[in-house]
Each structure stands twice: as C-alpha cells, then as structure tokens.
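As written, the chains take the letters A, B, C, D and E, and residue 1 is the first residue of each chain.
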Amino acid sequence: MSNILSVMTFLPILGVLLLLFIPKESKGTLRGVAMLTTIATFAVSLPILTGFQTNADFQFVENVPWIAAGPFAMRYNIGIDGISLWLVMLTTFIMPIAVLSTWTAVEEKVKEYMICLLLLETGMLGAFISLDLFLFYIFWEVMLIPMYFMIGIWGGKNRIYAALKFFIYTMVGSMLMLVALIYLYFLGTKAGITDFSLLHFFDLKIDPATQTWLFLAFAFAFAIKVPMFPLHTWLPDAHTEAPTAGSVILAAILLKMGTYGYVRFAMPLFPEATHRFTPLIATLAVIGIIYAALVAMVQEDVKKLVAYSSVAHLGFVMLGVFSLNEQGVTGGMLQMLNHGISTGALFLIVGFIYERRHTRLITDFGGLSKQMPIFATIFMIVTLSSIGLPGTNGFVGEFLILIGSFESSLRWYAVIASSGVIFAAVYMLWMFQRVMFGELDNPKNQVLADLNLREIAIMVPLVVLIFVMGVYPNPFIEKMTPSVMKVIAKARIEPVATAKVVVPVVAQPEVAPVQPAAEQPVTAH
Amino acid sequence: MFDNVWLIPLFPLIGFLINGLLGKKIKNETVIGSIGAFAVLCSFIVSVMTFLKLIGLPAEERVINVKIFTWITAGHFNADVAFLIDPLSCLMLLVVTGIGFLIHVYSIGYMHGEEGFYRFFAYLNLFVFSMLLLVTGNNLLLMFVGWEGVGLCSYLLIGYYFHKKSAGDAGKKAFVMNRVGDFGFLLGTFTLFWYMGQTNNIWTIQFTELAKNANLLPTGGVVTVITLCFFLGATGKSAQIPLYTWLPDAMEGPTPVSALIHAATMVTAGVYMIGRMSYLFIRSPETMTVVALVGGCTALFAATIGTAQNDIKRVLAYSTVSQLGYMFLAMGVGAFTAGIFHLMTHAFFKACLFLGSGAVIHSMHGALHHVHSHDDAQDMRNMGGLRKHMPLTFLTFLIATIAIAGIPGFSGFFSKDEILWQAFSNPLHGDLNIVLWGMGACAALLTAFYMFRLVFMTFFGTCRIKEGAEKHLHESPMVIVIPLLVLALLSILGGYLGLPKLIGDLFGGVPNYLDQYLEPVFANANQYMLAHVHPEQHSHTLEWGMMAASVVIALIGISIAALLYLINPELPKKFTTAFPALHRAVYNKWYIDELYDFMIVNPCKALGRFLWKGFDVLVVDGVVNGVASTVMAFGGVIRYMQSGLIYNYAWSMALGVVAIVAYYVFK
Amino acid sequence: MDNLTNYLLVSAVLFSIGTIGVLTRKNAIVMFMCIELMLNAVNLTFVALSRHLGNLDGQIFVFFIMTVAAAEAAVGLALFIAFFNNRESIDVDDANLMKW
Amino acid sequence: MEINVAQLFQTINLATIMPEIILSVVGMALLLVNVFVPSKSKGYLAWLSLAGLVAAGYTAACGWGQNVDGFSGSVVLDNFAIFFKLIFVIAAGLAVLISDQYMEREGCNQGELYPMVLFTTVGMMLMASGTDMMTIFLGLELMSISLYVLAGFNRANVKSNESGLKYFLLGAFSTGFLLYGMALVYGATGYTRIAKIAAVASQMGQPDILLLIGALLILTGFAFKIAIVPFHMWTPDVYEGAPTPVTALMSAGPKAAAFAAFLRMFLVAFPSMKADWSDLLWILAVLTMTVGNITALRQDNIKRMLAYSSIAHAGYALVGFAAANTTGTSGILFYMLSYAFMNIGAFAIVVLVAKQGETNGNVQDFAGLGHKRPALAAIMTLFLFSLAGIPPTAGFIGKFYLFSGAVEAGYIWLAVIGVLNSAASAYYYLRVMVYMYMKPAEEEFGWVSLTAPVSLALLVSFLGTLIPGVVPSYLLQLAQAAVKVIS
Amino acid sequence: MDISSIFFAIVTIVAVVSALLVVTCKNPINSALSLVLTFFCLATYYAMLDAPFMAAVQIIVYAGAIMVLIVFTIMLLNIRVDANKKHVHQVALGTVTGIVTLLLSVLFLTRGKVAMLAGPVTSDVINQIGHTELIGAVMFTDFLLPFEVTSILLLAAMVGAVILAKKKLS
C-alpha cells in the first residue's frame, strides 16, 4: 500500500462522515464508531512502524501536485522519517486512549465531541507527515479548530476565556509564521525553487540577517505552541478548562507540534540563526524549567500543576534540541514521546478523580491511597515517570538531554536545568502526598470507587510504555538516529577555525585514535 | 563464568513483581513473606557463589564486566545494562543480600498483621533489587538507576504508613534531599563524561574504563569539581552535612526499613560510591579534605544531637549519621579500606541495634495496646528495666552497643580504631590530622555515651511503662530473635576480618584479610597516594598509644552514661535545668530543620507564589490580557466616532480627501 | 490660458462652497442641493476644459452628469419623502437610530 | 461631421455587453411581470431573475479568453471583466435567493426588488467592463442609484429609510469628489478613454500634479464604495439598516465592482504613478484593516459586526492592491469571489435566525444555535472561519495570495500588520461561535424555516467557501489569467 | 480689462454669492431659489465657453427639472426653517475643511498643467457646424454606450422613486 500515510491520515475523516449519519441520541454507537475509527487508524499506522527502514530518508512518500497558480506551487507531499515516525505513532496510540477516556465523562453532545476528536487526529497526523511547508501550515491551523471547540464546549467554568485565549494566542504566532513562509518561498524562487517542498529549502542558502527574521517568525509560532516561557500562559488555562481527552491530546501531541516544528523546520532551515539564537532559547528553556517548577509547586489545582509541569518538561526538550548534538536531540525527541505518555497519563489520572469528585482542588483530596489502591499505584508510577526516575521513560530522555547539552555550548544551562530534577520531585511528590496520602478524612472521598476495568485498560498501555521506554529505549532511539543526525548536520554550523574549539564534533570513537592509557606519562616521583 | 550474575538482582525483582502484582490476591502473610525472603535468599546464595568464584581467581583478574544488553546509545554516549563484579561489589553484594535476608525474615514477624503487608515486602524486594543494581552496575548511569531506585524505595517505605502526615512528609523530605544529592551525582557524571571525552577522546561512563584512564586526569581543577559533585550526591544519600536531616525523620518508616535501608545498606551507598571512584577522589586533595571534614563534622555534630534524643529510633538514626560521618572521614583521609570496613561492621551492629529496638518497640507497643494507652511506644522515658522481659533482645542489643562504642574485641573497635588511626597518621591532610582525629575522638566519646544512655534507659533501672502494662511485655518470637542473634554474632566476628597489622602480628601474623581482598580495587588510588605523599613513619608505640586512647575514650563515655542514667538518674534533669538553652538547642537538633525551612523551603514557596500570582498572572497574562483589552478599549473608543450623524461622516470623508490631497500637493 | 484658470478657480470655489454646505447643514434637502452645487462646479470644470482642449468629451460628460443628477434627485427626494413619512422630519440629526 | 453608420455598427459589437443586455431585458420584463404576480408568489420572480443572472453569467463566461472591445472602445469584455461579472452574478444570485423569505417576513414583498437587483448588477458589470471614465461613472451611478433604492426598500422600516438616506447623501457626496477627479484627469490628459489616458500619462515622465490629484480623487470615490477608512463611515449604519439580503449584496457586489474599476483605472491608466499611489494604499490598507477589525470587536449587532468586518476585508484586499503585482491583484479577484460566498452565506444565516422586524439580530441571539440547528451552525462556522482566514477555506487561500503579493512586492510589514489584524479579527468571529456552541439558548428558537431558495443559497455558498479552500488551483489560475489583461 | 472679463467677473460674483446663499439660508426654499440663480450663472458661463447647447440643457434640466422637483418636495414635506439646534463645532469644522479644500484646489490648479491637446473643436468649428450637431455626433458614436446606459439609469431611478415614495404599506 503505497498511500498508507494518506489512508492513515484521512481515516478519521471517514469516521467523521460516518458519525454524521448516526443520530445523536445513540451515544453508544457514536462512541463505538469513534473508538473503532481510532483503533483502525492505529492499526493502519502499525505497518508504517514495521515497514520503516532505519535510515535518514523520508519514507512512504506521496507527492502529487495540489495547487499551482501564480508564483506558487503547492504539492500534496507527505512522508515520514525517524523524527516524525514516533510522533505519528504516539498520535495514533494516544487517540484510542483519549476516546476511551471520555466514555462516561462526556454525556452531552457526544456526536460533536467525537467529530472534534477525529478531526483533531487528522489535523495532527497531517501536520506530522507534511513535507510541503504550505500543507504543514494548513494542518497546523486546522488542528486549532477542533481543539478550540473541545475546550470551549466541553470545558470547565472558565472555558470560553481559555478557548479564546488558546486560539488567538496560537493564531498570532502561526500567522507570523505564514508571512515568514511566504517570504521564504520567494527567496526560494529566486534560487530556482519551484514549489513548497521542504526538502528543496534545506539546501537554500539564506543570508544571516534574513535568517534571523525568518527564524524569529517561525520560532515565535513554535514557541507559543511549545509553550516556552514567557509565552506559556495560555497553557494552564487551556489545560485546566479542557475536558480530559482535550488535555491529554493537548499535552501529549499538540505541544509536540512546537518542538517538532523546531526540529523539522526552524533549525535545519536557518542554521545561522539557530546558532545565533541558541543562547536565547536555551535561556528561556531553562527559565521555563525552573520557573514552571516553582509555580507548579504552589498550585492548588491538580490540573494546573500538571500543566505547569508540562512547561518545565518542554523546557527540557527545547534545551536538548538546541544543544544540537546527537545525545541532546535524541534526548529531546525521546522526551517528547515521554512527555506525551506520562503527562497524558497524568491528565487521565486527574480526569479520573475529577469524574468522581468534580473537583480538582488538591485540598479536597487526601488519603485516596487507602480507598483507591490501584489508582494509587498507577498514579505513583506515572508521577515517578514524570519526575524522571531511572527505569521509567522520563529518565532516559532527561538524561540524554542534559548530557547532550552539557557537552555542547549550553553547559551552564544544563547545570541549572539539572536542578529542575530536584524541583520536579518537590512539586510532584508534594502534590501526590497531598492527594493520595494522609488521613482519608473527607466523607466524600471515603466512598470513592477504585478504577474500573475501562480505566485500567486505558492506563495499562501507558504504564507498560513507561517501563518499556525506560528500560529498553534503544529501539526507539535507533529508528530516529539517522534522521536526527541529518537534522544536526543541517542545523549545525561548524565552529570557525579561529574560534576556540572546545568540543570535538560528533567524534566517532571507533575511528578517532584513542590514545592508550599506558603511554600517558604517569605523574610519579 | 559469571554469566549468571544477572540472577542476583533478578530474584528480588521477581519477588517484587509477584508480591506487588499478586500480593493483594495472595493475602496469606506467610506466603508473601516467604516469597520476599526467599527471593533475597536466592540472591544471597548466588552472591556467595559469585564471591567464592571471585576469590578463586588471581587478585589481578578479579574485575569482571558482565554485559546484559545495550541500554542507551546516542552519539558517542553509550550505556549498557552490565554488571561489574569485583571485590568491592562482591563484598557489598554479600552485605546487602545477607543482611537483607535477615531483615526480611525479621519483617515477617515484625510486620505481622499490618495493613498492606504485601506492599511492604514488595517494596523491600524492590529496594534490594535497586541496591544490587547500585552496587553491581558497571557504569555511572546504571549505578544512578540503583541510586535513585533505592531513594524511591526509601521514599515508599518511609511513607508506608501513608495515612500519617508525618510519614508522608518524611518520605518526601527524604526523596527531595536525595534528589539534591542526585543533582550533584548527575552533574558529576556529565562533567566527567564530557571532560574525559573532550580532553582524551574517551567517551565513557564505565567504571573500569574510567579507572584504566584515570591517569589521564589532572590533579585538582576539573577533578575537584567532578568529585565535589559526586560528593554532593554522597552527602544526600548518606545523610551527611548539609543533607542529613532527612535520615532522622526517616524513622517514620517501619523499623525493619530503618534497619535495612537507613542503617545497613542504602545510606552507605555514598561511601561505596566514593570507594568505587577512589581513583578520582584521590586526584583531588581539595575534595578529599572536604570529604574528611564533612565526615568528621557530621560524626561529631550528629553525635551531639544523639545525646539529647528520647526517641529510641531517633537516637539510633543520629548514631547512624554519626557513624556514616566516620566512614566519610575514612574516605577523606584516603583510608578507603577502613571506610569500607567500617561500612561492613556498621551494617552488622547497626542492623542489630535497629532490629533490637524494633523488638523493643514491638513489645512496648503490644503492652501499651493492651492497656489502651496512647503513650509513645518509642519514647525511652516510657521504658526501663526491659532486660528482665526481653533477655535475648537485651543481650544482642548490648553486644551491638559495645561494638559501636568501640570496646576492644568487638567489630566496631577494629574498624573505628583503624579510622581514627588513619585520620591521625595519614599524611594527606598535613596538620589537619589532629583536628580530624579530634573530631573523631570526640564523636567516639559521645557515641559511647549516648549508646549506653540508650541501653541504660531502656533495659536497666525501673520500668516506667504505664501501670499494668508491664506484665504484657514479653520476648519477641523466634522469627525476630534469630536474625538478632545472627547479627549480634556478626557484630562480634565481623571485626576480625580486618585486624590491624599490629594486632595481627600479635596473633602470629594474621593478615588483614579485608585489606588484601580489597587491595585491587583501591590499587590505583593507593599507588597515586604513595607517589604523591610521603607517609611518615610512626612508631608502634604511638599506634598502641592511640589504640589505648580510643579505648579510654569509650570507657569514659560509658562511665558518664552510667553515672547519669544508672547511678544518679536525677543528674540529667539538673543538667538540663542548668543549661536550658543548650539542651533545647540540642534537643531540637540545633534547629537545622527550621533553618532549612526558613532559608530554602519557605523562600521557594514564596517565590513560587510570587511568580505565579505576580509574574504569570499579573505580568505575562497582564500583558496578554492588557493588549487584548487595550485593543478592545480602542474599539470602544473608535466606535464612538461612528456617531450616526451624516455630516460627521461627510466630514470624515472630506478630511480624508483633504489629507490625501494635501500630502501630495505639499510633497 | 488665464481664461481657463479663472473658470477652474471659480469652479473650485463653487465646489468648496458646496462642500461646506454638505458639512454644515442639517437639512437633508439642503445638503442635497449643496451636492448639486458641487456637481455643477465639476460641470463647469468639464466644460471649461472641454473648450480649452478642443474636444467635446468633457461636455458629453457633463450631459451624463446632469442625467445622473436628475436620477439622483428623483431617488433622493423619494428617499427623503419615505424618511419623512416615518420620522416627520428631514433633519439628518434625526437619522440617528444606527450608530456605534 | 459625417457619420458612417455601417462603420459605427461594426464598432458597437453588441456581444461585449450581452450580459448587461440580458440582465436589463430580464429586469424590464420582470417589472412588467410583477404587475401580474400576486403578492404571495413573488418568489417566482426570484427564480426568474436567477435564470436571468445565470444566463448573463453563462454569456459572460462564454466570452472567456476573447478579450473583445465594443462601442468604439468604451467597453470591453475581457477575462478581467468576465471574472468580476461572475462574481456579481454570484453575489446577486445569492442575494436574490435569500430575498423572498426575508421580504415576506418583513412585509415588504414587492416585486420591484428583483429588477432593482438586476439593474444594480448591470451597473456593476459596466464598472468592470468600462474602459472609459464615462462608462465607469455611469455604471457606478446605475449601481449606486439602484442600491440607494434597495437600501431604503423596506420603506415602512425607519432603519431602512435611514440607511437609504445616509447611503444616498454620502454616496452623492463622494460622487462629487469622484467626478472632480475625473474632470482633473480629463483636463490633464484630454481624454476620458482609459487607454488614451494611459498613453498620455506614460509619456509624462514626472506625472503632472493635476493628473495625480485627479487620480487620488478618483481613488477616494472608489474608496467610498469599497469602504476604505476614512471613507467607510457609512458602512455600518447602512449595512445595519438595509434589508439583510440587500446588505449581503452590498457587502459583496459593489465592493468587487469598485475594485474592478479601481484596478482597471489604476493599473491600466496610472501605472506610471505607481510609486505615489501604492504608498498611499499601504497606509489606507493598514488603517482600513485596523479600524475595521478593532471596531468590530465591540459590536453586538451581527449585521453591524459584519459591516465592520467587511471594512476590514476591504483592507485585506487593499494589501493586494498596494502590492500591485499579479499575485496581489489576482488575490483580490479570488478574495472578492470567496468573500461573496462566505459573506452572503453568513448573511443568509442572519436572515434565517432573525425574527420579524429585524429583531434577534444580535450575537447573543445566536446562543444555542449549535444544539438546536447543528447543520446551520456548522455552516455558519465554516463561513466565520473563512472570514477569519483559517484553512481549509477559501478565505484563507485568498488572504494567502493577498499577503503573498505584499511580501513579493517587498511590503513585508504590511503583510505582518495584515496577519496580526487577521488574528485579532478571529476574536469577534469566534465570539459568534462562542454563542452558537458554548452558551445555552436564552429563549426558544422560533421555527427557522429553511425554504428551497435559502437552502440553495446556503449550499452554494457553503461549497463556494469550502471547495476553493481545498482545491483552489483552478480558480486561482482563472484569476491569474484575468489580471493578465490589465497588467 | 476688456468687456468679457468684466462680464465674467460680474457673473462670478453673482454665482459665488448665490452659492453662498444656498449654504447659508435658513429657509430651504431660499436656498433652492439661490441655487437656481447659481444654475443660471453656470448656464451663462457655458454660453461664454462656446457651449450654447450645454447652457440650454443646464437651464432645462437643472433649473427646470431638478429644481422644480426639489422645490416641490420642499413644499410637499412642508419643511420649516432649520430647527436651530446648536452645532457650532460642526459649522466651524466644516467651514475650515471647505476653505482648506479651496486653498488646496487653488494650489494644484495653478500649479498643474492642462494638456495641450488643441483638438479639432474650435470656436470656428462650433460656429460653422453648430454645437448641438457636434455634440450629437460624438455622443452617438464614441459615447453611445453611456448614452444607452442612462436610459436604464433613468428607468431604475424612476422605478425606485415610485417604490420609495409610495404611500405607507398597509
């Protein structure tokens, strides 16, 4: 099947069409169809994973003309490489879980809800597989719409504010990116590029001043999505108000768009600017890590706390990605997946207790461990994954990021970022303690039921992945390595000869001569 | 040959999985306990076999890496899941699995009837697994896995009684403080990896590789930074100044946990780690000084606090901190073997002490329960005269106490004396030696004092327990007593593994087995030391003299304790009334916790709150919403230009025309 | 040439007076008359220019402007009447239901 | 002066104005038919006029690519004109389709509406086709006078009166400036034919001040029709007061027509002064976008909101004009077409939701539409997203080309201001959605009757908004071909 | 200063004064009558500019048709004198704007150059062939289309006027 990517991407749309013909009263059928659609999408995505060749090329490519008018030529050009592969897999994997998570939480307007979810899936998959800048932009914007509705219609008390804030915040960024995109295209046409295909632009030489502006525009859009300090304030609102599935998708996948955007577009397209802005971005990332941790510490709302923890985690991702060496970028990519899984799981967990108690205030809970041991166990595991305990997925990513950035010019940033490890433990464990430990003194909490089978079924795949990725991350790393190397090769500016050479560039131990230890003069008397 | 090493951590892991996943279904305590204990026993057996195999090898071949699978590869960073079998790790394996097994057995009795029994054993097994990873991991990262893993288990086990707020707090405190240390560990790892790679193009975090290439490292400088980072990690895990405060609080956990984790094994991880990387530490004299001073200070400082505590476990906890200080003192003066030696003997007698105190508490608790009293079962002021009721426990406890006090013939004497002698004689720190020795000696005095204070208050004198409860006090079941006996035995015998040459010579050249055994591990460090510092030759007389001095010191301490708590129990009260401020300060642990709260915890929270309400909400969102509302306000103003009056509209048009025309006319 | 400029200036004066009228009066009919005045000023410009340029295009234009003016007058006055029917006024101040 | 009649007839070439002829004839016929149609069945007139429009559109489309002129060069039927004529036909057709229901509800179901719509369309077509200032002027006046009438059509309604009155007075006032400008251009060049003006202007080198001022005054005249700040003041009031179908037509048709004439005059006659006027358009574009959007933020009446938004949209289109390159101008064409679909579609929904007497026309009254009439709400959502410029809609593609034009011409800051405006505008479009989906209905919806013509209008505008958003290539190529003849 | 200049000056004074009266008269009827006077002045100008046909049309269409319509409407609506609402600001702003307009016009009119076309239609030609005939020849050849469009325009205006001015709907 040569068009498997298209099939995967547009399968949810098929589901939407099906949903349209189901009366809105038969909620069970609606949920079932949505569930089946997402599972089918996941099933379709599996051959992509198995058929993926471990090399740096784009695979499963489809490339047909789409728009051609005036100076522009857009193509329906899609494909995946090691970088997008896992994000696509993450998306298809999370979606059934998201659908399942709302089985009982959403009772109103089920039809619209499911339609939104499926549209969102198409949008996200499309954005990950687009190799045409214009196509990417389209999907990028399309994603906003269902998310906007999900927050606005099924959200909490302050949902309208949150939805509008989310939408307009993101739109401001992406609109500037659009201008940059157009400008880039016209730069390209002068160099003989005839369409929007990303691959063509990789080879485009752009003068540094122009790069700066273009990079800023792209980076701004992505930074909002990531979100990076200080553009993060939409996130806590959006997360707090969104329904569970919305938060899960937002955290697990949507935020990755930002970091993915950096890796896929901003960095390889504008290497000089990347080089120039690395300190700035690293600074913001590190501030984000510490800042979000401090703020998360004093949150009273569990969901908001998790939302701020997202900001911190993505700070790590940014730091890793901008360290521009294999460890850092690989770590960043891994951390994206990890964050998707663990923070997604955290939001699900918050959703579980919210569904039971209709409150998310930490002070309303306490001692739940006694009443809900299975829940407590899963919550604990996810919490640990989130604070990056070795053996869980969170650790591998974080460690690689830190070691990568430490090795690069971002050494001091890495030092400060490492302290985020402490803060993460503080706020997560404190929250865990306040919710799960202590006396079970609230009568409302004394009657809570433990997780039911459906909820366990939602969490088990995530928990399994948490450990699999923590204990045996190599398969994940291997598939992305060639692509990561390619990105680095494109985005990296070799230090000028006169500059102080500090770090040997991607030294290959087996090739580079290793001086035998014995020949070293031993300082002896 | 060592292919089955992976079994060692595997058994506890299996035990953990079985108990953790199925424990709730199993329900039968005996089965659960047996699974837990058996898993560790299996590990112990494999460890013993491994040990035997290892000593069967020539000394120079006793370093074996066993790779299981590649864990992480990214660029030139590579970390395997692989085990390092060498004398040091083997010794630790034996200690961990051996004592671990005893404590598992003990726990079956001790934890009887507790809610979440299966959980306890699952955690305990997980802990053993993590600890085994820590000691056998052949690279820094795998060690770190164990390092954090034991921290986690410690957290889980401290918070075992999660419904108690204090337990939750203590667990969190332990984890966070450990994390501070881990931060140091990580930084150390990064710096080492980067520096080694950058200067020598050796990109590795594997211990044997690092050891092989340690000669490439300079003295001081970067190595100081690296080692200080690692030492920060060690202070966290091993409860040294400044990160020691979590350990006393950790006594919120069940007593077996205190024995296993917070006395015998986990807290020694820092010492082990320094031993493991002795070749690094020795290359930074500055760090060595820091280690020695911190160790000495901690030993002394914790001991002072220990003198004023009334909670039986707290006394032991401060004693642990203090003893760990000794170990660091040893490491800091370059007496690595002595440090490890003390680690081992301490594991024996401190486990014994904790388990003994557990037995006491158990008994007290039962008795108090019978009379429906809410008195604190751990408060020594409620105890006294228990000797009669729990003779076996008393016996083992006394043996362990003598051992820790440093009475000749018992294990503690040998190890502690070795440390004091090294502190005094090792030329590494020059004139600082006297200070270091002095601190050690004072700590020894205090140790003897507060330990015997504990014994006297608990087992001697009149029984101060609530009326009617005394008759319910009884000796513990065999499942508890047997481990005590074994440990007491070890507390006596353990010392003879590392007889000082001086004494060994007395008995016809009995060698210092431990020294010989560990020699290959510290060879690199020792060689370096030999090459760089010139040991002064000390006369045997001096050495004998020092030994005698330490015995005298111990005896003085015991005497004072006897005087104050046995002979004239009114004296302490007088003393406290005479110096109320001092007593209060010591009793309240020199207010260090409060200081930390004031200096770090509260400012952090305040900062967090400020950033949230002040920056996030006010500034960032203020700007965002401000822009929005400014635009909206503009809209509100501009719309009023739309007056609805035609002549206004016409005027606007005319003005537009005039403006445009004027611009071009005057251009 | 001078002759032409004079005409153009006169028409500019008339045009400006018309503009002032539109801007200052409130009676819709008077406003409309002022607009007619403006159109006439333009007409004068056209005719003068046409005469000067020696082609008749300008005058034809004026012819059409007059037609349009007539049509506008018809429609405009009808609108005034319709407005007056509802509001009993032809003052533009009264055309103020819709604003902001 | 002898007139050679045979030669005259050769130059006339009636085919060039065949669409106009058809519409005029149908209009006049409808005036007659109207007398015999009972007032309850005026809907037939709608279908008849639709047929006329389709025929006119078809005739126009048949002339694609031929680029013939007629009436000795005072009119032309080229691709540019045809593209615009199709826009007018679509706008008028959609307006006609949504009229019957509205007029019946408002109790002013007079058959004359349809001929007036056709006449105004004729006017627009002449503006697009005119190559002589006189033709353009007369087209403009035909369009305007018919629109004055249409704006005040509901003569029992005070707001409608007021709307007509304001539109008329201000329109006539702006005509004064337009004419003065034309007079000056005539004086400076000696001609009224655009081609000849262009010939004279291009030889001038440094453009004469008279010509320049003339061009600027003409600009202000068109600016009034397009509703460019500061000539926009009439728009909200007139849009609010006019009968909704008329507002729909007004927002799409005349704007496009004015752009057609504007583009033709400036790109054909005054390209030599491009440096002068494109800077001005830059400023006007910024002003127009910003004022339109910012004011729209605070509107509750949805017609008024859409009126302000139409000002903003004029600003976006001006961005393309300021760029004055093929990308930008073809963007204007595409945008005007999409705008006709999406805006009239939105007005159609407004017609449906409103109650008798134009009550229920506030944003708040849309509360709960999403539950009660999900399909309607969904369609409205598409229109709003398109207006906000969010893919995959025609509105987005249009904006993309407009801003691309600006970027291509080096007006990057203009594009940036444009997109920021676009983002700000999202707020008030989203606000409608907020009410539709996120707030419960405050009172029960009346039975929103969906008659066949309105359904057709909605379907057409829905498809017209969505399809060019997904596969815009063909239309864009047409627009490119259309602007080729004037650039 | 020759006689035609003096005549021009007189007509100009009358035209400007009557135009000013249109603007300033409180009573619409007076404004209307003043406007008629202005129209006559313009007709005079046209005559002076060798455009007798335009002069005639000016009188017939403007003074005759349009003004009658306006006056008729004024009478029909029985409009009284402007209700004296204060609107000083508006008057001031409007006047200033108008004066600026005038100044600007003067500036660009005096600075601008009118095309030097020297077309075929000179006063000799006009005298020879006749103004009306000349107009007719151009109008029905070059400007046939606009002429035809005016028919539709007038039709639309007529229909519109009828619709709008009908009695109130019942």
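The criterion applied here is as follows: a contact is a pair of C-beta atoms (placed from the backbone, for glycine too) under 8 Å apart; a residue touches a chain by one contact, two chains touch by 3 or more.
Note that this is a predicted model, so its numbers are computed, not measured.
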If a chain touches chain B and chain D alike, it appears here: A, C, E
Most central chain, judged by mean C-alpha position against the global CA mean: A
Chain whose mean Cα position lies farthest from chain B: E
Chain centre separation in whole Å, for chain C relative to chain A (CA means): 65
Gap in Å, rounded to a whole number, between the CA centres of chain E and chain B: 103
Centre-to-centre distance between chain C and chain B (centres being mean Cα positions), rounded to whole Å: 97
Between chain D and chain E, centroid-to-centroid distance (C-alpha), Å: 30
Residues within chain B bordering two or more other chains: 628, 639, 642, 644, 646-648, 650-651, 654-655, 657, 661, 665
Numbers and ranges of chain D residues touching at least 2 other chains: 134, 137-138, 141, 145, 148-149, 152, 155-156, 164-166, 169, 173, 184, 187, 190, 209, 213, 236-237, 424, 427
Contacts with two or more other chains, residues of chain E listed in rising order: 90, 93-94, 97-98, 101, 108-109, 111, 114-115, 117, 119, 134, 142-143, 146, 150, 153, 156-157, 160-164, 168
Chains grouped in pairs wherever the two touch, ordered by label: A-B, A-D, B-C, B-D, B-E, C-D, C-E, D-E
Contact set on chain B toward chain D in their complex: 628, 631-632, 634-636, 638-639, 641-642, 644, 646, 648-650, 652-653, 655-657, 660-661, 663-665
Residues of chain B that touch chain C when the two form their complex: 639-640, 642-647, 650-651, 654
Chain C residues touching chain E - in the complex, by the definition given at the top: 4-10, 12-27, 29-30, 32-34, 36-37, 40, 43-44, 47-57, 59-60, 62-64, 66-75, 77-82, 84-85, 90-91, 93
Of chain E, residues touching chain B in the complex: 90, 93-94, 97-98, 100-101, 104, 107-108, 111
Chain E-facing residues of chain B, complex: 647-648, 651, 654-655, 657-658, 661-662, 665
